[in-house]
Amino acid sequence: MMLVGLLLLLALMLPGLPLGEWRAFLLDSAQFAFLISALALAWDLLARTGQLSLAHGAFFGLGAYAAALAAPAVGTLPALLLGGVVTALFSLLLGLATLRLHGMYFAIATLAFSEVMRTLVLKSAFTGGAIGLPVQPAFGGAFPLGSYYLAVAVLALASGISLFLGRSRLHYAMTATRQGEAVARVLGVPVVRVKLLAFAISAFLAGLAGGVYAMKTLFLSPYDAFGLGRAVEALVIPIFGGLYTTTGPLLGGLIIVSLETWLRLRIGEGYLVVYGVILVLTILFLPRGLVSLFRRKGVGHA
Amino acid sequence: MLRVEGLSKRFGGVVAASGVDLQVQPGEILAVIGPNGAGKSTLLNLLSGLLRPDQGRIEFLGEEITQAPPEVRTWKGLGRAFQIVQPFPEMTVWENLLVGALYGKPNTSLKVAEGVVKEIIERTGLAPKAQTLAGELTLLEDKRLELARALCTRPRLLLLDEVMAGLRPSEALEAVELVRRIRESGVTVLFIEHLMPVVRALADRVVVMDYGQVIAQGRYDEVAANPRVREAYLGRAS
Amino acid sequence: MQTLINGILAAGIYALVASGLALAVGVVGIVNFAHGEFTMIGAFIAYLLFVGAGLDPFLSLGLAALVLFLVGAISYLGLIRPILAAPELNQMLLTFGLSVALQNIALLLFGADTRVVSTSYQGATLSLGGLSFGVPPLLTFGLSVGILAALYGFLDRTRLGLAVRAVAQNRLAPGLLGIETQQVYLLAFGLSAALAGVAGVMLSVMLYASPTVGFAYTLKAFAIIVMAGLGNLRGVVPAAIILALAEALVSTYVPGGGGWVEAVFFLVIFVALTWRSWRAA
């Protein structure tokens, strides 16, 4: 937990540090890293109930579009919240439909959902379709570091919720649901509620991150916002960092996204390869993630 | 305490339960026996809510629970221990029990739950293994865990599914003692069993099933002497 | 009617890819998310041989099959075998990672552009009774039928094929794997890749070769084997035909067809999966 606090503190302080000519680039990349790490934290929350989603790209995108569309009417913060809420509502639909699906079938169903969403956005006029949607900057551009601090805030919120849930009673319910759903029910765990709650919280956070992303990049396209790349990042990071923890996705996110950004500079289009390779290597050699290097027994907390 | 009327369930062409009537009195230990495929496990699944019946009625403590989901039945006091033990493998024994204690009844605080776990872990002899991962237990310890976990949900009626399976005779004796102590603590027990010595030692009453129907009820001696029961187990004399 | 013909002809590729996946899932027990990438590799092999050596793609089938068999075998030995005993989740993640890695390596090597293999007979058609059959689709279909027939022949009539089916019926715990079973796994996975690769060659002609072309086929193959029922190798062909027909119908009769085909397909998968899960209550 200390590590989490430390990282967040660093994030807050970053703009104040003397960064020289790299400043704009570093702050920009840092924002991206924060948002993707937040997405990863959100994914991890849902994974705690045994639901391994490939829909988080769609949640990110939904939040992005919803916030972008709402901002001119209601202002930055309400739009972001709205984006999160809309995403959470959609996720509940998905969650309800997939209650009885597990493993591979669940993953494929969420992927199918994601693709359908993408096509809908692509084909709808009001979202700008294939041409894309220009987005107002955060707070109408009044604060130059507006979206930066929003990104930090979202990351802090995601980390906070992740930590909180990890230490709450709900943690036992989520873990029991994950490790033995039928048995959990017989022990009285309200499995349906737990799974849906996880969906809603996870999607809300993902949507928030998406919204801030929209206000940072100032332009949305369905290929970018709903790209499978987001879904891949969302799942590889927690696995690499350490599932069902807070430090795992956070640390893993910062490391991997930095790697990704560096690679993107070097090799252009194929930079996602790093995710693929890292995933394969992690499963082969460090299946419990980075955090396992420091772990103790039981489900514990971190 | 528990009243079952006309319970029926079929799977495709197979009739797993047909017009099952039975009652469980508070404080008793009731055994359900019968040859393989008689429908005993189906009955237990219907009672605990993992299956819904096609017809019939289940009433527990005066309330109808026929269509209630498993969680709700547990909250009302109907607990179950599985035959094939499924501990939460990546949680410690303590944590496994805690799940049962926290969620077995609505609105249980962490403090209260931990108190329950403490008491039951002592009673079932699992205290030394409290911090062991459940995935690393021996078979006997697994079974104790299963029982303890179900007890943590504070059931009024506990459904036991062939708990003796796979135990050595000495271990089985221990298990019998444990079930007796459970009854003494105020929990009514309904158990499925194949080993007749266990049934005779534990059961106040016995219900015999065959082909999904109840074919006899009563005390062990009465039931053992019943020709229909003998037929069911040994086959019709040609 | 023409639509139906087009649909059926397209089913050949689907059937090949799906049969390959059925082998991986049914015999080795691996949910191979990278299966479509084997197809992609096949497509690129055909493209490269065509552009580099002027080799007609239908002639490079054999070579592609061989190369992909090797790729599959190496993947099995290096990546799959170590995780046979790992939880299903880990297996899925590994193959998913492999898929991402392969797609992006291709992206790095070839860029995102689609590479079309344009043979001289690309646009040629045969006319029969008022219906026109494109020559490439016809060849593709014919070859698919032939290859699948050979596959079934192998599985039904040879000793080795019998061993493969036996393993599929009765998969033992990984710790109990004898040498023979491991060889069967190796064979099955290699075959799985080879089938996908052959489909890829045909795909380069029918469509194009591109780094991301395989991904959609992975999903479609999964949809097909789920429809056919896991472990049901024979059901794959009818399921492939149904899928191909559905796609043809949608792209012809739904306005703005192209973009919607994918979405409709995914919607169908989604509905099928969720509906089935609730019915089994």
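So that you can tell them apart, the chains are marked A, B and C in the order they are listed, and the count of residues begins at 1 in each.
Just so we're on the same page, a residue touches a chain if its C-beta (ideal position, glycine included) is under 8 Å from a C-beta of that chain, and two chains touch if they have at least 3 such contacts.
Being a predicted model, the structure only gives us computed values, none of them experimental.
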item	value
Chain pair whose interface holds the most contacting C-beta pairs	A-C
Chain nearest the overall Cα centroid	A
Of all other chains, the one whose Cα centre sits farthest from chain C	B
Rounded Å distance, chain A centre to chain B centre (Cα mean)	43
Separation of mean Cα positions, chain C and chain A [Å, integer]	32
Chain B and chain C, separation of their C-alpha mean positions in angstrom	48
Complex contact set, residues of chain A against chain B	169, 172-173, 175-176, 179-180, 182-191, 297-299
Residue ranges of chain A touching chain C (in the complex, touch as defined)	52, 97-101, 103-105, 107-109, 111-113, 115-116, 119-120, 122-123, 228, 232, 235-236, 239, 267-273, 275-280, 282-284, 287
Chain C - residues contacting chain A, complex	31, 79, 82-83, 86, 88-90, 92-94, 96-108, 111-112, 215, 219, 222-223, 226, 256, 259-260, 262-263, 266-267, 269-270, 273-274, 277-278, 280-281
Contact footprint of chain A on chain B as seen in their complex	48-50, 69-71, 74-75, 79-80, 82, 86-92, 95, 98-100, 102-105, 110, 131, 133, 149-150, 152-153
